[in-house]
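Each of the next two complexes has chain A plus one other chain: chain B in the first, chain C in the second.
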Partner chain A sequence: MSGTALLQAIVDGILTGGVYALMAAGLTLIFGVMDIINIAQGAMVVLGAYLSYELSAKAGIPLLPGLLITVPVMFVLGVGMEFLFMRRVREADRAAMSILVTFAVAILIEGVLTRAFGVDYVQLHATYIDRSIYVLGFYLPWIYLIGFGLAVVLLVVLYWMLYRTQFGRAVRASLQNRTAADLIGINVDRTRMIAVGIGVAVTAVGGFAFGATNAFNPNSGYDLISRLLAIVILGGLGSIGGAMAAAVFMLVVNDVVAVAWSPTWAPMVFFFALVIVLSIRPQGLFGRSGVRAQ
Partner chain B sequence: MIHPGARTAAARPPGTLLRRGLLGGVIAVGLVVLGIFPLVVTDPTATSIAFFTVVFMGAVSAWNIFSGYSGYLALGHAVFFGSGGYAVALAARDWHVSGGWAVFGLLPFGGLIAAAVAIPFGLIALRTRRHTFVVVTIAIFFIFQLAAFNLGFTGGTSGIQLPFAPFSPTTYNNPFYYVAAIILVLTVILSWAVRRSRFGLQLLSIRDDEDRARGLGVHTRRVKLAAFMISAFPVGMLGGLYFYFIGQIFPQYAYDPLFDVSLALMGFLGGIGTISGPLLGALVLESLQQYFTQKFSANGLYLIIYGVLFLAVILILPGGVVPGVAGLVRRWRVRTQRQSAEAADAAPRGVAGAIP
Partner chain C sequence: MKQLRLLARACAVVVAVAVLAACGSSSGGSSNGGGGGSSSGGSGPITIGASLSLSGDFSADGQAFQRGYELWVHDQNAKGGLLGHQIKLDVLSDASSPAQVVSNYQNLIGSSHDPIVFGPFSTLLTLPAARVAARYGYAFVEGAGGGPAVFGSGLHNVFDVSVPVKDNLVTFARWVASLPASQRPKTAAYATVNDPFTQPQIPVAQSILEAAGVRTVLSKVFPAEVTDYTPIATQVSSAKPDLFILGSVDVPTVSAFVHTFIQQHYNPKAFIATAGPDQGATFVKAVGNGNENGIFVPNGWFGGFKKADSQKMVQEYIAKYGGTPSDVNADVAEAYSVGQVLAQAVQATHSFDNSKIIAYLHSGVTLNSVQGPVKFDSLGENTAQQTLTFQWQNGNLVQSIPTSVAGASPPQYPKPPWGG
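Now for the complex of A and B:
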């Protein structure tokens, strides 16, 4: 294995890691405000990919402008899911019930997609998807750069929203203490609903990047959610910065192992890293230690 | 009077003679139906559905011994199912066990391997709680699945053949069905024994408040790990049986994420932490699932029905069917008792005291 191949793998890992960071940030944001792990996040990424596919193939709307439609659609879907299902899960056994409810939503999405599109693999197409740019000795596929760029912009927006706006303060307050947030006049239910909407809306962008770099079918959500879960747990549940760092770390490890050892073992390293880290730090790399004691 | 919050077996007062008789009758009818089903319904499609259903009833009951009683939602029991399957397949191949009844003798070996796998699995996963525990079980599950794909001795994607069973084609399913039924009955007895024991009470105390249980002297780690191993054993045996019935074992069927979730769905549908709940949930869901798969094969309708049904159950009866219905009955009984008590209050004092 040459040094350039290794460097190329690291660069690829960072670029794809950016997209995973965005999807994982949505997942961990939903966990933060709702105390719910959204197992349907993977299925929603696939749904977002199919929406982009449908818009470009049937309605002739190109992929990137299509995001202006798919992002609001996914936002509404997230708001609807919070209103219909998530807020109805009892406080007492949230951990177990919420995972099952969102799993049922994932199965439902998979069923609807299978009925609508069948089980054949499809992929998003555009002229820039197959092109690469040659920078400093590396071939960088345009789609990786676009996905990474979009993810970074959206993560910055997310960060700004959470830490610099009144709404963000309300989100963080409801995240820390629901009762106290209620008492100082925050509409916790509405704040949570919008936060879940945002957490789901990012899957539209994730779906675009995922669908352009991988062939997918309605069943692809499982592979994705298992990786996203590993990332958010490794980063520490509820920590958005942790999710971003873990996403980039995991994807770099994944790509380096694929090059240095073998592509078949690469996904396994993903889960091994998680198990090893959790054996030493059960709350994850950046997690609040309270998460474990809950 | 029955306290509405009474949940543990020990806290429940002995049932009336009528209730005991009813329970005994239901158990007797259930055992008779379980015993004569393939003799009455001889259609091979029906008996194979019955076989799968009984396997799942046993697996969900076993899963419930850990997840139902301890409150830890494990989504990794496919690890035990697949490991038991591989153990039996490899043992049959390497020890040259010929097809037929001898392979059934290997099933306890499959169970032992599954219980042995549960030790490192549990030592790692049980350090975490709640959501993190669920995700760690999923992660460990994927490690096993990927290992089965990539390791040499599992045969990789081409899998391993199990010995051919030389049973008569017309009643081919029956030996498998009866072995599954025996494992099911033993698992239910095990679940009942755990529930009644001091060990079971310790598990329930972990479910209700783990930190307080530890403060009261329950060795929580030891108890959880023991329950995890006990729960793995029958699942490993059923895995061996299942793949002997199928005839071969592949990584994607041995370590199937849908198996993990099916156990949880069936358990929650019936009501986890009860003995009858997992049986009922698996009976309904697995037979429906088999029926749907055969009826509307791959067009996704079955997934939609499954998802909607499941959401409806969780949102309408959040504790599952058995505890939900039991709660309704209890509320109705408390209300009628209160009404009769009010009626008695209106009557002269001395009479009210006579009401039991």
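Now for the complex of A and C:
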């Protein structure tokens, strides 16, 4: 394998990692603030992609401006999901029970999408999706550059919101000790509801990036969820920056192994690396104790 | 009181989930009218069971198959059904899972006692399903299980009405090899998913092309679970082969390669994918208008196939679901052919007895289907048809190779630019 091919694989991995970080950000945020393992994250990414598709194909609203609509819509859906489903799960066994509850949510979303759109594959289209820029001997696709840029911007905004604002402090206080948070006047239910809404709203952007780089149908979320869970576990559950670092790490490993060795071994090598990292740092690259203390 | 409210809400959620799941996973007549009967006595409906991938990776193909089965049932019932019995379909969803398909056929045969069963979609699911049917002595007529794994399993009850997939790329490879040396591709790259339908096709084509002097510059196998095709597609585009052969089972795989090739400014002289481009409008929607042109796909049938019963089926399909002949998925014809072949066997034996049906289908008789003639060898492969190669030209999927077939459009070679 030539050095150029290796470098190309690394560049591809970094850019694709940005797209995966966008899809995983909501998952890690919701876990970070709620201890909810959201199995429906893959279905929500697909839902976000369909919302972009509808606005673009039916209403003629371009994809990027369309995010100004899909993000608030997904926020409302997230708020509704927290109120209807997540809040009902008992505090004591929230993490375990949330898997069942969110799996039901995933089936609901898939069923509704299948009813509305059928199972034929669609893909988001825009002129910039198939275009690329030539830099230092490599063609860098605009859609991946946009996805990576959106990931960086969104993750910085989320980080700032969680760790540098009063709302972020309220969110983290609600999770660390609900009773104490209540006592100091934090409306815990409302705080969590808004936080989940933000987590799901971010997924709308992930859905756009996913739909622009993959053909999808209502069932496509299942292929995503194991990858997204692996990313947030490696990054450290609840860590926004960890999701970005883990997504880039995963995709670079995947792409380099696929090119240098064989695509068949790429997932195995990644999961082997995941096991090694977790055996050394069980809390992931940016573990949650550190996350909440920031 | 609060607990009651919570319980009521939980029930509502469960009911809503169940209703939606039911909407997506079961359809057609669900009644059990079979009773395991194998005679033609009585006048009640006859139930035919099938497991189809109505969700999961093969859901687009599975639902197209369902449409094909339903169209055949409608037409056959209009002609009086089977031996005077109206036909009812008993369709279960296997979610594209080899484990679920086994469970479904055990239910259809062992519990529901459906007297006849049809095959599922894909080689991957046909093999385990056929083994269940064989245990019960059932004939297993299917239209999408043409991989060598099925015919190498030693089963006596499997009959694939479509063209065996092992030689799917042979027609195309021989055409490439027959090109004048000055026009023939000098280099080729191969990438395939490790699926029993598609992987066996690649070495056959590769050996023909290498014998014709087409040098292999890249050969990759990737797992079915892959979600990011970028590194493989980028590696292909970096190698810049004149010819690219993609072993694919669905639209997203082909679409991912197409978009990466466009982004990398690479346009092969010829590009063939084993599945995906045959999906009509769905394929065009995924790759984008104009990007489909020039892409080849091997198959046994296409929407413009000039055969009376095929044209009638296409018209019925369009009347019911809309679109144009190019939009009709080849899965529809494969499923419809399953029904046609089974009907001819039942009428010839004047029985629903599966052992008689198996014996009849192995007798060497030539049957008719919308895809063309059907004649089974001892393994259950259809030996009466040849693989055709289709190409997207000016927004239509047309038959182009062999060029000797009546109505064939000459292949566009080299492939037009992307978007052209």
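In this text, the second predicted complex is superposed on the first by the 283 of 294 C-alpha atoms of A that agree within 3 Å, B and C clash if a C-alpha of one lies under 4 Å from a C-alpha of the other, contacts with A are read in each partner's own complex, and residues count from 1 in each chain.
Assume a contact is a pair of C-beta atoms (placed from the backbone, for glycine too) under 8 Å apart; a residue touches a chain by one contact, two chains touch by 3 or more.
Since this is a predicted model, take the numbers as computed values, not measurements.
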Chain A as common anchor, with chain B and chain C clashing or fitting: clash
First (chain B), second (chain C), both or neither touched by A:R88: both
First, second, both or neither for A:P267, with chain B first and chain C second: both
Touching partner for A:R164 - first (chain B), second (chain C), both, neither: neither
First, second, both or neither for A:R115, with chain B first and chain C second: both
Which of chain B and chain C A:I233 touches, first, second, both or neither: first
Touching partner for A:I107 - first (chain B), second (chain C), both, neither: both
Chain B versus chain C as contact partner of A:N219, first or second or both or neither: second
Which superposed partner A:R190 touches (first chain B, second chain C, both, neither): neither
Partner chain in contact with A:S279 - chain B first, chain C second, else both or neither: first
Region of chain B that runs into chain C when the structures are aligned on their shared chain, from 45-53, 63-71, 207-215 or 279-287: 45-53
Those residues of chain A which chain B touches in one complex and chain C touches in the other: 85, 88, 104, 107-108, 110-112, 114-115, 119, 218, 222, 264, 267
Residue ranges of chain B touching chain A (in the complex, touch as defined): 71, 73, 75, 124, 127-132, 134-136, 138-140, 142-143, 146-147, 149-150, 211, 257, 261, 264-265, 268, 298-308, 310-311, 314-315, 318
Chain A partner contacts - residues on chain C that touch it in the complex: 6, 9-10, 13-14, 16-17, 20-21, 23-24, 54-57, 59-60, 62-63, 194, 220-223, 225-228, 230-232, 234-235, 238, 250-252, 255-256, 259-260, 262-265, 279, 281-282, 285-288, 418
Chain C contact footprint on chain A (complex, rising order): 4-5, 8-9, 12-13, 16, 84-85, 88, 104, 107-108, 110-112, 114-115, 118-123, 125, 129-132, 139, 141, 143, 213-220, 222-224, 227, 251, 254-256, 258-259, 262-264, 266-267
Interface residues, chain A side, partner chain B - complex: 31, 37, 85, 88-90, 93, 95-97, 99-101, 103-105, 107-108, 110-115, 119, 218, 222, 226, 229-230, 232-233, 237, 264-265, 267-268, 271-272, 274-275, 278-279, 282-284, 291-294
